[in-house]
Structure formats: C-alpha cells, structure tokens
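Could you have a look at this structure, given as structure tokens, before my questions?
Chain lettering (A, B, C, D, E and F) follows the sequence in which the chains are written, and residue indices restart at 1 in each chain.
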C-alpha cells in the first residue's frame, strides 16, 4: 500500500529532506482517500498517518504533514463520502503546492536581504540557503560566500561545489576558522538553514551552528536562519524540546585508531533564540520569538488536541 | 659554526616548540662566547643573534632568547674577556635552566587548579597542557578531558593519545562540537596552551581557540591558557601586534577537488584578553591584563632600547 | 448578595491565589444572572463586577475574570432574557472550567521540560510550580530541587515541605546562596511562578526573583516562569505597568530592634523579559515577547474598549 | 485631478509627516470613487494609487495607506457601483478616522508610562513624543525632559521650545552628552519617535538614535519608541529592509570650508530590536518582536499578494 | 608559650578579623625572638609559625603574617644573634604598625570616593566599610546607605546599628531586595568588604556578594570592595584557589523543622574580577586585575620559595 | 618671578595642552633653583610649586610635573647647595626631555597599530592622535579616517583640516553618526586622545567619547586611547576621581534663543576601563588596568607621601 511504501522509503532515507518528506507523506495519504463511508476513509487515513509517523520519529516535518492532513479530514467530516474525498483531496493538494512553493518563496525573500558587496558565511549544506544564494546571484547581486567544511561529513564541500557552479565567489575554510573569517573578512551576515524551530524560537541545526552564532553575536553580525514553516515544531509548545542525536563515531575517527578513548559524534546543536536576528520563512521574515505566533497560525489545528 | 647550525635546524623545523627553540638559541650563543676581547665576543654574539633571529621570524621565543642573552652580555661588558666569558656563560646557563623548569612549574601550578570530578575541554595539542593534566592525574585527581580533533591537522589526536596513555578519561569530538559539549557535559574549565601573549593580554593560539573562548565566556566557563613567559611578546609593547599566518591549503582539501573555489588555511587566531580568565605562567597565575607587568619585569632589558 | 459576599471574602483574603479569585468572581457573577430583561441582567452584572473589582485592586486575575464575564454578556446581549441567561451561564461555566484545568495543563507541559538528572532551582512558593514538580516526579523523572528560604516570610519552607512529601530530593538554602548553588551544583534550570505578566513580557513576582534571573542569565541557565494566562495584564497594553507593593516592615525586623533606621519590605520585583527564556502557560510554551500576542488572543474582548 | 494634486503636495513636502501623508492619500483616493462600473472605479483607484505611491518612495506610510484602500476596494468588489462607492467611502473614512486618533491614543498610553519625578531623555523632534509629554503634563505628572540638539538641523530646538511652552522642565544638551546625562542625572527612560518599524522589530529613526539606544542598554535604562502602526513596514516582511538616506552635506558644514575632505550626512540609523524595550502604538504597548504580529493583524491584506 | 596561646585564641575565635589575626600572629612571633644563635632563633620562629598557621587554615591573613615574619628573619639571617633579634623585632613592629594603619588608610581613601547625595548599598558587616562610611560622614558628606540583613546570621543588623549611631541615614532590607533597591532608589555604588582576594582579582566574600555584584554590573553600578592587602592570597598565585566553607545548617533552619530535606549553609561565594570596578586597599585604589601586581610587590618574599 | 609668570600664562590659557603645561612648569621651577642653602632652594621650589599648581587646578599634568620636580629635589636634598642645584637642574632637564619625546614616541608605537586599508574613527582633536596618523601616513600606510565634528566647538574640523593636509583620506560626520559609520563603513579601530587616566583605567576625555566607546564595544571594534603618562592621575589612587567640568552654555546655543529651558555644556565624560582595549603611552601599549602599575612605576615618589 502507498503509505507503507512511502513509510519505507522515508525509513530507508530514499526520501529525505524536510520538505520532500512532508510532500511524500501528504501524497501518500491523499492516495488513501478511499472507503465506503466518510468515517471509514478517516479511519483509514488515521492508520496511514500512524504508519508514516513511525517511519522517522525525529523529522519534525513528518508528523506536521500527517497531522495537517488529519486536520483537513476532520474539517470535512460532515460531508458524504464522495464529497469528502473530492474536497479533502483538493485541500491536500493545496498543502502540497504550498510546500513546493516554500523553498522558492524563501529564496525570493532571502535574496532581498543580500546586498552587493556582502560577504556571507554559511555552515553545512542547506538546499534552501543554496537556492537563496543562487536567486540573489541571478538577480545580479555580487557577493562572496565563505563556507565551513562542516566536519565530520564535509557537507560544506557540497555547498562550495554548488556555489562555484552558480559562479558565486566562494571560500572554503575549516570549521574552527569561522570566527577569524568574520573578523578578518568583515563578514556581513551569517545565513544558515535549520532542522527544527521550537516554540520559543530556538533553532536546532547541524553541529557547530550555535558556536558560529555566539561568535556572530559577539561581533554584532546578523545571524539569519532560512527555515520552511513545516519545520516548526508544534510539539515544542507542549514542552517536547529537542533531544540531541548522536551518530556513528566512525564518521569522526577510524574505530580503534586511538585506543582507550571515547568518541562522541553529536549531529545537531541548539542555537538559542536570543542569538538569532531573524528567521526567513515562506511567510516572510519573522523574529525568532515570532515562532509561537507562526505555529499558532499555521498549526493551530494540531494544537486543538491540547 | 654553532649558531649557523642551530639556525638551520630551527629553519628546517628540526628544532621546534617555543621552549626548545629558546633553549637551543641560548645554547648556541653560549658556545659563541669566544674572542680576544670582551668587545669582540659581544660583537660575535650580536652576529650570531642576528643569524638565529632570522631563522624563524614568527616564533616569539626566538628573539626573546637572543635578546636576553645580548642583555646579559651588555650587563657584563665591563668585565675583562676571561671574566666576561665565565660570568656570561653562567648567566646564560641560568636562563636555560629557567626555561627547562618552566614547563614543570606550570604543570605544578596548573594541576592545583584542577579539582576531582572536573570536566575540562582542551583544543589542539600543547605539551604544557598535557604535562599539566598528567601532573594532576599523578596527584590522584579524577577528572575527564574532552579534546577537539583540531582540523586541519588533527593535532587533537596527539592529545587524546597522550591522555589515554596517562589513564585520563578522554573524549574526542569534532571542533564544531565544543559548545555543545560545554553545555551537555557541563564543562568546568577550558585549558589551552598558547603561541604568543601580547602586551594587552591577547592570546595568539591555534585556529579555533577564540571561537571556543567566546562560547566559554557566554556559558561562564573559566577559560585558562598555560603559557611560558618566553612566549610573551615584548615587541607588542611597541605596537607590533600579531599577523595571522596562512598555511598550505592542501591541509584543508585536496587541491582541485572542488573547482572554482578559494581555500584559506589560517593557522592561528587571536583570543581577546577579556575572554581569558587567567594565564598560567611559570611565574604563577596572572590575569591576562598582567601581561604588560610580566613583560616589564622579565624583559625590561629588552625594552630599555625604547 | 453573592457578589458582595465574594468581594468580602476576597478582601479578607479568605479567597486567595490568582486562579481561585478568578473562579470565585466568575461564579459570583454567574449567580447574578437574574433580571426581567437582558438589559437589566447586564446592568446587574456590571454593578456586581464593579463591587468585585474593588475588593483587591492589585490582583490582575480579578478584573480579568470580571471583564471577561462582561464581554460574554455583551456578546449575548441580543438574546432575550431567558436565552441570554442560559447561554451566558454556560459560557461562564466554560471559562471557570478553563481556569480549573489551567494549573494541571501547565504542570503537564512543564513536566515535559524536566529531564532526569536535572537540578532545578526555585524561589518562593508557587502552587503551579509545585504541581509541575509533582507531575514530573509521578512520571518517574529523577531530579533535584534547590529552594531558597524566601525571606521575609520563609515561603520557601512551604515549597521544601511539599517537595519532601512528594519524595523529590530537596535542598534548602538562604536566598543569598542562589548564585553559588547555580555554579557549584550546576543548576540546569530555574523555574518560578509569577504574579503578573505585562504586555512586553516583563514578569512581576516575589522579591528576589529578578536577582536570581540576572544571575541565571549570566551563567546561561534557562530561566522559566510558569504562569496561568489569567495573570497576564491587559491593562499593561495601555501603559499601566506594575507598581511595587511595600508590606509591613515587621516581617523583616521586630519594630524598634534597631533605633534610627528605616526598614523597607517590598513584596515584588520585576524581571525584564530579556532575562526570561520561556513562559509556561496553559496555552503552551511561549517566549516572554509572546505575551502581547496571548493577551490579544485571549483578552481581545477587553481591549475592544480601546 | 485630486490624486495628482495630492501626489504633488507630497512630493513638494507641502504634505509631510507619516500620518498626514497617509490621511491625505486616503482622502485623495476617496475622492476618486467615481466611475460607471465597480470595475471602472477600482481601475481608477489603482491608477491613483500608483501616482500617489510614486510621490515619495521612502515614506512607509504612503504605500501602506494606498494598499489599504485598494484592499478595501477589493473586499467590496462584488457590490454594484453605487453600493460599492458608498461602502468603500465609509470604509476609507474609518481608516482616516483611525489615523487621526492614533497620535492621541499613543499619547494617552505613553503618558501612563511616565511617573512623577521621572527624568526622560528624547532625541530629535517627534510630534508623537511631544504630544505624549504634553498629555502626561496635563495629567499633572511632574517630570523633566532632557533633549539633544540633534545635529545637523537642530530639530531638538523645536522639541525644547514645545516643551518649554508646555511648562515641562527641559534641559538642552549637545548630542554627545546623551550618555553622560543618563549617568549624571539618572535618566529613567529614553522615549523617541520613529520613521519606520521593520518586521523583525528594528527601528529606523533620526541619525544618533541607535547610539543613544546602545548607551541606554548598557546602563539598563528603558528605551521606548512611540510609533503609529501606519509606519510599520509590510515590505520588510518580504526582506526589503531599510536603506539609509544621505542628505545634502551643506547641513553639516559650509561647502569648501575644509578642502580635501569628504563629508557624509546620513539622515537615519537603525536601532536593533534587542535594544528596544517596548514600542508604543495606538494598538497598545508591544515588544519590538511583536512588530511581525502587528503587521500581520493590520496589514494582512497587503501581504495576501505574497 | 606565646605562639601556642595565640594559636589557641585564634582557634577559639577569641582573636578574630583578618587584621587582628595578622597582628596577633606577628606579635606572638616577635615574642619568640629568643635563642642562643641566629639559627636557633630562626628555627624557633619556624616552629611557632607552623603552630600559628595551623590554628585557622582558612584565614588568609594568618599565613601571610607568619610567612612575612619568616621572610624578615631570612633577610636578617647573616646578622649575629643580638643584632638579628633587635633588627627583626623592629622589622616586625613596622609590619604591625602598617597593619594597624591599613584600616584607617582605606577609610580615608574610600571616603574620597563617596559624594554627597550618594545612595550606597552594602552587604554583611565589614569593619573596614563601616569605618569608611564613618569617615565620609565626619568629613561632612551627606549620603544614604542601604544594608541587607545578610541571612543567615543577620550581620547586616550590626552594620545598620553602627551606621545609625554614626547618624548616617540607613535603610534595612532583606537580601532579596538588593536589585530592586538598586533600581528604585538609583543606588550609586555598592561597597563591600572582603575575606580574600585571589591573584586573578576574584573576591571571596560573604555569601550573596556575587549575586549583588552581577546585579550591579547589569545596572552599571560601580561595585567596590575595600580590602586590606594582608587579605590578598599569595598562594593563589600558585593555583590554590578558594574552597567554599559550609557552616552549621542550624543557622538556616531549626534542625528537623522540615523532615526529609537537605540544608546547605555556604559561608562565602566568589565574585569574579570582571564584576569588580575597583579594590580599595591601603596602597590605594587598584583595578582587581592589579591584585597580582600588589601580591608581587608586597609578598614577593613569600613567592621566592616558588 | 618666573613661576608667577608661567602660572599666569597657564591661567590665561596662553600655555595650553597637557604636555606644554608640564614642560613649562618644570622649566619655571628649574629657573627657581636658587638660594643660599639647599634647604632654602627646596623651600623656594615648594613655594613656586604651590603657585603653579593653583594656576589650573583641573589639569592633571600640572601637579604631576610640580610634584615630580619636588620629588627630585627631595632625592638630592643631602647634597650641598651648589651640587644640589647642578644635579637637580640636570634631573629636571631629563624630565623635560622625556616629555618632549613622549608625543613622538606614542606616534611611533601607535603607527605600528595601523594597517593599510584600515578605516579609523576619531573624536575631537588630539595632537597626539594627529601625530600618530601623520606618522603612519609617512610610513606609507594607506588608511582612512572618519572624524566627528565634535560639538559644541567643532574641534573635529581642526582634525579634518590637519589630516587633509597630511593627505590622509578623511570623512567628516556629525557626532550622532559615529555608530552608523562604524557599521556601514566597517570601522576597524577607534583611536582617541585623553585628558586624564585614572588609577582604575577609566579615561576622562572630550564629551561624547564614552558614547562612542560603548558603541565600539557593542560592535567589537578596538577602542584605543593615546595618552602620555604625564596625564595619568596619581591622586586617583587616593580616591580623588574626576569631576566633570561644565562650560559656558553659549557654546551650545545663543543665550535666550529658546526661553524657559536650561542648557548644560559638559566638557568631558568618563569612559570606563572595560570599554578600552588598550592605552598607547610613551612606555608602550598597556591594558587600561595597567594604569595603576604605570602610576606606581612613574609616580611612586608622589605616592610616598601617602
């Protein structure tokens, strides 16, 4: 069945990336819009939703998408089966379209923030941030980007490669050089992506992000995160804050290379809201403290179960 | 001749490390204590000093050692040739002995700062800091050390190996994880070594140090540097502040791996005095702002040429 | 009459605590839902509201409850007398139910914020905070609480007693020891209650709270306040900020014990929004700057008179 | 035609001030409510709007007013021509009335923030802030105001004159003395006006404002800006941040007085949201981070074109 | 024997206070200046010194005084027994005289820092600070003092009583009110005494001091400590930092009053150097970072054993 | 008599500038080296010193110079009259020579701090700072200077003119624009002169300096003051801190131009040590906290009267 297949693909990381996961989940559920009665369809949707959510418990966009579809179903539940299916299908499609436009919309807004002659530092590899840089470049803005290599998996190389392809002057440095670069090359802005935004505006992102943010704040350099609203965590309103994921240590050092030591490989860290100057979302630029507002506006439905 | 040979060894990095360079230079000059008259010996020493200084212009301990020997010679210049040589030789030997004891003395003082149950973070690989940890361990203190891998050359691996050998519980992480480690594992102190201390208390050390310092200050974790006084820069009193050295970029990424980008490999950064809680020197614990005082006390001779 | 009786009980402190006052006021007004015409009932309600509000001018939950009931009446004013009474009565009951669930809801959300092994500091005695700790304990979390004695009335003893009863490891210290405790015992979070939240996110709470908050910020320890939304002050949107209440000085020192001095006994202080990491309300976790948003959402009615 | 005439007056600065411009634009558009069909009237309004907007591209209240009128028209577009004109005219009038009441409303709220014995510092000349002071004075509050002269055009003289007329004790100082005044005379609050508020809460105001704000934050003095919501910039939600306007340098120094130098005369600077304690708007007191919320509530229509 | 008797008195707290302890120890040792040979006297002194030091291991002025006397003996050791005794006795007397003048000298210097109309906050009870206030009062300065009660032992009552006697307007508040007092009454300075000053400028003083210091820094109020140089810790140069002493918990709460809780009663806390604006010593006003300098100048002798 | 004449010239501001005043005073006293006995000459010198000191009580370099000469006399007092005069005369001349070289020496050291491509902001008009810029320019460094006009007396115009003459690219702005310039033009350093340095490192300088310093700290821009050691205040060691001088208000606004207001014209403000990155003195670069050390080294004599 579709939901099962999609869940499997998500579990196996064949479907990756917050937006792609959200879209795939919504699509899978739209295909489950089938049943003798409205009640039966809704029950079906709930089962699929459960399956999907279990596929990757840490990806905030997955339950967000599932819960939103269930909310749409709930809204339409007084319609008869045929009408229910048609309306809900259309509603889901709109949600999917919104997600598909989000990245482009953020790129558009974010590009407005870039001035010619800017020097911008980024960390890790975010499709959204790369799209934003490409858009600014296409608009004719001349700016430079410094990217960190992003140990342990060197995702900064992906960023550097993409920017070089887009003819954006790009400098690669080790992660430790971020603060020196900010000082020596008078970095104007730091722009990063994000994995999750919490209700109080804290940002979960690739390990090292908070270290760069604290240095940026000390030097009064704007620290900006570009994050689709599907990555905002409604659960954090209820106090379910982020747990840091630790990944396989062999990404850091060949096992056994040094005997008698412990190795830790945390995947993310938390950048406190007060270090973030603004969030770029497809709903526009918001202060990190506006996260609660956005969550309420967009996922109010989800929270009605409070 | 000795000075030439030593200069060559310093240039070729066969003699490395601030203390070893200072001692080698002083020894080389002591061997040049030869000549018909005191004036001739002094002239000889000056020539040797010039040769030695030129061998590695960026190592602050080298001119410090040379200038100190010249100061000793100046002090004794009214003695006749025989007496001059004997006295100056003894004076130089005392200087050498002092340097040799400095590391041990810092280890002794620094070990006093470590409490059982401490979790300490260090960056890069400093012999002085490793000695300090070993000493504390020998004194029976039970503490843990977190070391960063220290890209691009992974010197943190050296630290981890040394500590493992000393039976000190050691955890290795990527450089980007320093701030998260401080939060999650409630780091008590950061202890690093140093390459140079400036007159206003700023610290030049391995790239990444200032980034860790700014994070430590934000979290109110003591940031401590263990630095022999031979690394304090008298020239900085005259405004000759540090220039950052950029090393070969192939340490960062294989040349040509990503086309169309620039790579930068800065070796050091500058940690401002206000981020440093104390300096451990062989003269005891001083606030970074005490650097001027120490320079005046120890290298007043050098500054008499002001 | 009921409103008079309730007002008297509030005045005499027989009814105390923000929530209890709000509920009592709403109940009293519901009992006044009587009259020949809708207009007469409303007029009656207004009179009762005035009486109630006068009973304790400084308790923000009292005017909040009264104004909300009047708003409900206003909303229903086009109904005929019978229908008006039935509908308004039901509406008031819902408001009362919401208040009754608020404490429990905050405990539920707040307990999510507590991790096993946490050390948490609290100040004074807040039923909401105690409930939150009890809930976390019941969920099996193992954490420690440090409570200040809270001079002059030692309300911290009440907290300590309640926590001891709930089998939560509890340490009692003098108020002055808060910062040292945070350092020495590596406090993870400070959680306090609150008397009033202003439109700009400032928190009015027991004297000493702001002193603890400034120390927590310096040490980068999360400072969290658990406050029911009935304590948010709509009047502060109009610029009516808090005045500090000074209580009887004999709580501080026996009168005449020291001659020739003045004694001051302020009951509250103001913790600025920027020192508060989050507010736990029954509507979820919000950044303090979200207070304006919450006020608008919940008490928009009250503000329509703007 | 009316819109042309108004546009000209705005261009020639005969109509000045954010509120006056907004009101004039709305009035001009109301007069254009003419045409055979609803579609024709709307088309007419759009043309007028374009003309008006072009008159002063940097004044945020102008496009805000025009876009709001167009939104009202859009809302009514299903009505027939006669009904459309009547309804839209009434709607526009309400908008005008709201603007006219805004200043008075802010004065009322702001006066609540002033306590007797306050010493308040202000910068430049804001009608809103002067009205606020006058109102507080009329309410019998006794406070002092320190005003900066506000180079280069000495608008502080206007403020001083107005306050002297209102019998408010007023002290005039050079701009450079602001911080010393805050220390020596223990200033309680800084209250300034504003030209534009951005989506992230940053404030654009007369050059020197941010310098005073940073000093106020350092001394923990409340920094408050009184700004009508018509000055909030919806475009900033899309990333169109402020560009600083540079004015004629002869305001600074007689041309040619010093040869061989460059003179710059920036009109505004940007005060970051984190330095602002609250904004006083006609909608009440909001934290600067509430700007996004206010923009969404008030100008949501404008943003629907996103 | 004298040293034994004095040691006993120190142990039993019959001799208390840093200065009194130092003077008593020096006097006791002066009385031991007896023996057949210089070597015998010195040996005698060393034994006495050991006895004295053991009497109260945590009082920094005690080893300081003993070590200073031993240093004087060492300096004179080449003299014959008679000459040795005479000279050393005179030297010791000078040290005693210096200590006796120190308090008065600090009062004189500190009084210069007080301006008429100042409002000054103090914590706990320091003879030095009281003397300083009395001196300023005698010089005709009109200022107010706010003193905290200083739980658990209410030593603030002693301060309040002394100040009232000196006709200095004095206000007593609970410890928790310190920050509010600073804000509401616009405190100009905080002046406290000190138990120990460390080489890096950190101050050990009565529990609560650091909490007041962090609040003072936040409000940019000068934080000043008046400390005799005999309280500076030479051992801290070698890394022997302060350990916090925990006192009997019955000072905090009657044992058994609340069952099942733990009580902690820390006597001191540590105020970091960066929160201290200046130290008043009998050698004049120094920045806290000057502590190392002072230690070197005054106790250089002690450190020669390094 | 010479001292009288010099005192008059100082009083009438014919002799101005800290260095010129110090030199003139020393010269005047050297000419008074006359008398029958050493005692008579010293008595004479003391009288002259008193006369000179009274000429301008607020200029710190004046008592510094007088007291230093008296100290030299004291040192030589055991010599007979002839020898006393010769020796003291030579000593005074050396002091004069040192002062004369100080400015040049600071220019030399300060020029080392300037890098090509630097943008430097300065405030007011300091001969020392101008000399420093000229020196750097002569050394071939290419840098830009932004100078504030420095209300009320526009001394910034003098700076701009001097720099233009020295072919240094110079931009003039109003004082209020300092922070914006730092942001927009990425200022690298702020370099100002100074009137007085206090024992705790605080700097007294032209009104507006502290406002620029607080902005520079916020933006992490180095704030540097170039100050001859003759301007360091030994009296501040004894607690005689700076009083702010208020000048004629007609410098600010034509008297009577605005009726009913008060005008204040403070000449100086105080920049706290923690906002200053370094002081450039003729003794080299020192951290501001090194001021006490410098005072002790250079003016130890003066303090012996303690």
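The rule is short, and it goes like this: a residue touches a chain if its C-beta (ideal position, glycine included) is under 8 Å from a C-beta of that chain, and two chains touch if they have at least 3 such contacts.
Remember, it's a predicted structure, so these values are computed and weren't measured experimentally.
S.K.: When you check each chain against chain A and chain B, which touch both of them?
M.R.: Shared contacts of chain A and chain B: C, F.
S.K.: Quick check: superposing chain A onto chain D on C-alpha atoms, how many degrees is the rotation, to the nearest 5?
M.R.: 120
S.K.: Just give me the whole-number Å value for how far the CA centre of chain B lies from that of chain D.
M.R.: Comparing mean C-alpha positions, chain D is 57 Å from chain B.
S.K.: Distance from the CA centroid of chain C to that of chain D, rounded to the nearest Å?
M.R.: Taking the mean C-alpha position of each chain, the two centres sit 36 Å apart.
S.K.: Could you state the distance in Å from the CA-based centre of chain C to that of chain E?
M.R.: Roughly 44 Å separates the two chain centres.
S.K.: Which chain E residues sit where two or more other chains touch them?
M.R.: Expected reply: 218, 274, 287, 289, 293.
S.K.: Identify every two-chain combination in which the chains touch.
M.R.: Touching chain pairs, listed by label, are A-B, A-C, A-D, A-F, B-C, B-E, B-F, C-D, C-E, D-E, D-F, E-F.
S.K.: Once bound in the complex, which stretches of chain D touch chain F?
M.R.: So the residues of chain D touching chain F come out as 148-152, 157, 160-161, 163-165, 167, 169-181, 184, 206-208, 210-212, 214-215, 218, 244, 252-253, 257-266, 269-270.
S.K.: For a test of understanding, state which residues of chain B touch chain F in their complex under the given definition.
M.R.: Residues of chain B touching chain F: 199-201, 236-241, 272-274, 287-289, 291-293, 296, 303, 306.
S.K.: So in the complex, which bits of chain E are touching chain D?
M.R.: For this pair, the touching residues of chain E are 186, 218-220.
S.K.: For chain D, which residues are in contact with chain C within the complex?
M.R.: On the chain D side, the touching residues are 105, 108-113, 274, 277-278, 280, 283-287, 289-290, 293, 297.
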